[in-house]
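In the two assemblies presented below, chain A is common to both, partnered first by chain B and then by chain C.
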Partner chain A sequence: MTSAPRDREIAVVAFAQTDHRRTSDEFSEVEMLMPVLHEVLHATGLKTADIDFTCSGSSDYLAGRAFSFTLALDGVGAWPPISESHVEMDGAWALYEAWTKLLTGDADTALVYAYGKSSPGSVRDVLTRQLDPYYVAPLWPDSVALAALQAQALIDAGDTDEPALAAIASRNRAAATGNPHAQLRGPVPQGDHLVQPLRTGDCPPIGDGAAAVILAAGDRARELCARPAWIRGIDHRIEAHGLGVRDLTDSPSTRLAAERAGAFERPVDTAELHAPFTAQEVVLRKALRLGEDVDVNPSGGALAANPVMAAGLIRIGEAAARIHRGASDRALAHATSGPCLQQNLVAVLEGEPR
Partner chain B sequence: MSAVLKAPLVVEFPFTRSLGPVQSAFLTGLRERVILGVRTGDGRTLVPPVEYDPVTAEELHDLVEVAPTGTVTTWAWNAAPRRGQPLTTPFAWVLVRLDGADTALLHALDAPGPAAVHTGMPVRVRWAGERTGAITDITCFEPCDGPRAEPAGHTGEFENPVTGIVAAARLDYTYSPGRAQTAYINALSGRRTVGERCPSCHQVYVPPRGACPTCGVATSEQVEVGPRGTVTTFCIVNIKAAHTANLGIEVPYVYAHIALDGAGLALHGRIGGIPYDEVRMGLRVEPVWTDGARYPDHYRPTGEPDADYDTYKELL
Partner chain C sequence: MSKEPVAVVGIGQTRHAAARRDVSLAGLVREAARRALRDAELTWAGIDAVVIGKAPDFFEGVMMPELYLADALGAVGKPMLRVHTAGSVGGSTALVAANLVAARVHGTVLTLAFEKQSESNAMWGLSLPIPFQQPLLAGAGGFFAPHIRAYMRRSGAPETVGALVAYKDRRNALKNPYAHLHEHDITLDRVMASPMLWDPVRYSETCPSSDGACAMILTDRAGAARAPHPPAWMLGGAMRSEPTLFAGKDFVSPQAGRDCAADVYRQAGITDPRREIDGAEIYVPFSWYEPMWLENLGFAGEGEGWKLTEAGVTELDGDLPVNMSGGVLSTNPIGASGMIRFAEAALQVRGQAGEHQVDGARRVLGHAYGGGSQFFSMWLVGDRPPDS
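Presenting the complex of A and B:
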């Protein structure tokens, strides 16, 4: 099931995120997370006891803290026991799980949160541990190197060039001047090649952060939010593990997820894309058929703030927040996971006609 | 408030992974300087080979040898190699489609600089001197000006096939326990135990984690608890610890939950100074510190009368 049945409409009714920063070592993960949990609860007037289902996304590898999600549960008031789940992925996938839970009718409200502390370790090295352990991980190709292979493939195909990539970096960070939570805002030098053809400006900032959203079904959503961001469809798809099997200049999984989520049925006015590297925006725009009339990443996207494991959920939250405040009527949100856009999730959100 | 504590933290793990028949043949082949792909139902040859077709999920087993020469399909210049990567001098990451293959293999290319690398360039394998049956048996690729090599048509049958690999990993972190636990650890160094009280339900958490798990709110009010406490429950350990820190502890010994006076939950500790079979719920205990230690070595009886069950039943 990939589109919500009309008799069980589900909406994002609140969104909050931290100010994303290079380091946050004065805070434990739960200390970093708690303010955003309080913020979404306050926005809806809900208390922790009112939440029917809680789902989170994070990865212990980032900070090197085993079972950190169980400690983070302290922030949601997990005693007495609550209905709760966790994905070792970006919080966008936790939102997908919560959405299916609400579709079943087992819950009317859900709290979804995600967090990542990249500062204690080296995220470029940490992410190598998600690669094929037999053929790839022993070579330790870091996340920037793999993104650079994809960028060169796009350049060779004539889909982009270094000046075009620099323009993507510049446009996203200019948009982020309107986002008080972003880590990089305004003009940022493109800098030297980190792994050629990618320069530092083509890469996301490394930072710590957290985000939370509340989902609610039907009339409950209308009670909790003046203009709910209705989820008209969500789908996620995955491509082959082997990079050399895939066409890195395309993203068939994004295209299929978007089709199944209903993204192509009518135009969207806003797209929040989870493209940590500039070249990935080129791939996603093509796969999602986004024209120049679509406002892409008005938040600044992952190039302005990329708290790993939360950055995808933030795309859904940013898209929903634009609908809440009337800046968008139909928005697309995208999240990715794995190297070179291996896995992709697309959600379509709509506000009621005004 | 004192600065937050930090310390280096190294996470190392040598996962032992078993190989399926196709992976085994491929990695054994590398040991013998033979590169094998696997043929799919629609006639493509996948290198590196996988056991299931990534499109149809059909099981694959038809091994076919490909050449040690090939063509770069995309590349990226890595001017600053990182720990564990194939070469310590600047190199290009490359995807290489070996001659006879339809897919590309990720590896490193040794070249003098980015100007010497381009998509479509011919390359050949540089074998490692000592090979064990791992992807690192290929040291890297190198530019290939000469003629292309021909595969010898190997069947994929080897003597002493490799059946597993050890996937060694090491990640380095700077660990910080955060504000609440820093205060707890700093207090311990003065032989005091400090918890935090929830502003909502007034429970005192030891060790504090900065949040009340019942109320989901931040805790910050520090409260000194103990030093004495009550055994709320315990177990008798009959297995000698393998860990070096516990080697000196004779079995059987008692490990207990101890509710320090004033604390809203029990913490763990070893009970000493009393025969193991005389430890009981309600026993009153106090910490025993050893010189230079940053936490109590164990707890021993205070000699007080046992605590009433009603005084600690909520802390079980």
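Presenting the complex of A and C:
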């Protein structure tokens, strides 16, 4: 249904992100966010009061306080009052909410932003609080250990091996040399095992960052951007929470979301995958049927910078930016949430034919 | 560009209580969801997407609980969104779900909001630590009491108005089997004799902490045609936000609330809300917020809201019944409280509100707010589709 033709075209018209860094002690979340908000507004010439709808993604658990997003809203400058909403999810889902709002015709422009600071705490421990609170969370299985289970399942299934995973890490971080915002780039040692079979090189850097996107509909998008990145389809699906009932070597939710987003209707030239762990790229490539001719993670992906809650939105932003500058005609962007790729979003973006 | 009309065809809520020790979080949300499905005569297979809300995650100690709750809400293989807009979240969640239908992205959507406050201590969960806020803000009451004082001073309202609201809402709750507080021995004197918590807010003028969930099934015109019971139709819906703290903010009657109501009325073609709306479920966590919001929502002129309350206009048998269900003052699972307001409005126009039904209710407002009176979400529902 989501891939059906629609009478309203919506595009990403601007994207900005911070330089992602291991720590940002000297900045509050609002201070981290403000420059990217200003950057996307400046790129389009819009002011806060011109934006019809605003939606953000973040997590109280990363911030360590309830209602953390309320202060970010102060930074947006919500005066006079704005039409605004927030998802306690990665910003990719905030973009999805904004996309539906624009589809209704109630808004022509939307500002979407997301931010996360992982540095103040132990993000591996914090993410255990996402797990079943009665049976699993009390055991504190951390995010790297769960990803290692998935990696081992793939190795056992013959889908990959440790050298292949090392090659994925190497390729992503080599690509990141062209990304001034990346936290890790160039040759990075694969390192020792962190949790077998994953080595430090198979894991994302821990870091802080923010991103913002502006969406616009129809002719408004053409006014605001020389080559808008039209959202041809976007869909997301969730799987069961219990790892024991899932085949960790596969991602049926990604496949279904891609199908509904129209990803399989024509080949894409670029894919920005939200795969914080090398082994997850193996799963996603298979679910998305990406061939060797597809440029996967030209930004370096989440292995080069993984600001939790913003990393998914950044994938959409990176894919859109490639279309804006003419480096891609049809790109796929993917975002994930939850342990071992539990929830997945796929967007298909296209530029006007040249 | 035309929007698909949105209909409410299923409503379910849990039995609300101070502590639902008989159910897990998953069991709690499932109780409400299954009641909504039964009302709509649908199975899980008939749901295309799930939108849930609650606020904040620290209340239960589960980060992003939609991940854990996907199985319990039949969401596996489906899209699932999680909304969080502080106290207004129950309303915002319903509006996000409604947009999925209005945009024709999905035909039938389950939306649900919950809070299991017994898993934590809301008083301290809402007492934000320095350096983020000024110290000595004990719970929500500590934040709102000064704004109530400002309202009393500005409007000249007599000190008894708050007690009248509490007395009314707690009596309305006696007619609502799902309400948390059933105070059979309530009297106006008892309300006024209850201990002062945050001057001028007394114990009996304060909302309880509840465990509970509320669910609704929203669908398009085709879905409404298949529904076994009369639907409620969304005639207008809007969200507005403004900053928490700034010099120009009017905490007594925030501009965001006024703008949000105006947007809803414009969509619904309402020009005189006092005459054209048959009842209102308003987010009143502290009794004095009834007269304050009556003004903010355009039901009364500035400084006049308390006169409606004092004259009995907002009683269940009054000219403009307010909080027929017993309101937030009687049932307050924070994340769900806004959705309960929206659901009660829908129940009323469907004629399904039982003993707290307002005769002939055709257009009813549901209202929620959150944060430091900075987030607002509202909808107006009616017994007829928007274009009829």
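Annotations for the structure displayed:
Heads up, the rule we're going with is that the second predicted complex is superposed on the first by the 349 of 354 C-alpha atoms of A that agree within 3 Å, B and C clash if a C-alpha of one lies under 4 Å from a C-alpha of the other, contacts with A are read in each partner's own complex, and residues count from 1 in each chain.
In this section, a residue touches a chain if its C-beta (ideal position, glycine included) is under 8 Å from a C-beta of that chain, and two chains touch if they have at least 3 such contacts.
Small disclaimer: the values here were computed from a predicted structure and weren't measured.
Once the two complexes are laid over each other on the shared chain, residue contacts for A:Leu103 go to chain C alone; chain B is not touched. In the superposed model, A:Asp25 lies in contact with chain B only, and not with chain C.
Once the two complexes are overlaid on the shared chain, A:Pro138 sits against chain B while remaining clear of chain C.
In the superposed model, A:Leu73 makes contact with both chain B and chain C. Contact with chain C, but none with chain B, is seen for A:Arg237 once the two complexes are overlaid on the shared chain. Of the two partner chains placed around the shared chain by superposition, chain B and chain C are both touched by A:Arg129. When both complexes are aligned on chain A by C-alpha atoms, chain A residues 61, 65, 71, 73-74, 77-80, 126, 129, 133-134, 137, 240-242 touch chain B in the first and chain C in the second. Chain A makes touch with chain B in their complex at residues 25-31, 34, 37-38, 48, 61, 63-65, 71, 73-80, 120-122, 124-126, 128-129, 133-142, 145-146, 148-153, 156, 193, 195-198, 240-245, 248.
Interface residues of chain B facing chain A in the complex, by the touch rule stated above, are 4, 6, 9, 11, 15, 17, 19, 23, 27, 46-48, 50, 54-55, 73-79, 82-86, 93, 95, 97, 103-108, 114, 119, 134-136, 165, 167, 169, 171-181, 209-218.
By the touch criterion stated above, chain A contacts chain C in their complex at residues 1-2, 6-8, 54, 59-61, 65-67, 69-71, 73-74, 77-89, 93, 96-97, 100-101, 103-106, 126-127, 129-134, 137, 235-242, 252-253, 256, 337-339, 342-343.
Every residue of chain C that touches chain A in the complex is listed here, in rising order: 1-3, 24-25, 48, 55-71, 75-86, 92, 95-96, 99-100, 102-107, 125-126, 128-129, 132, 238-246, 248, 254-256, 259-260, 371-372, 374-375.
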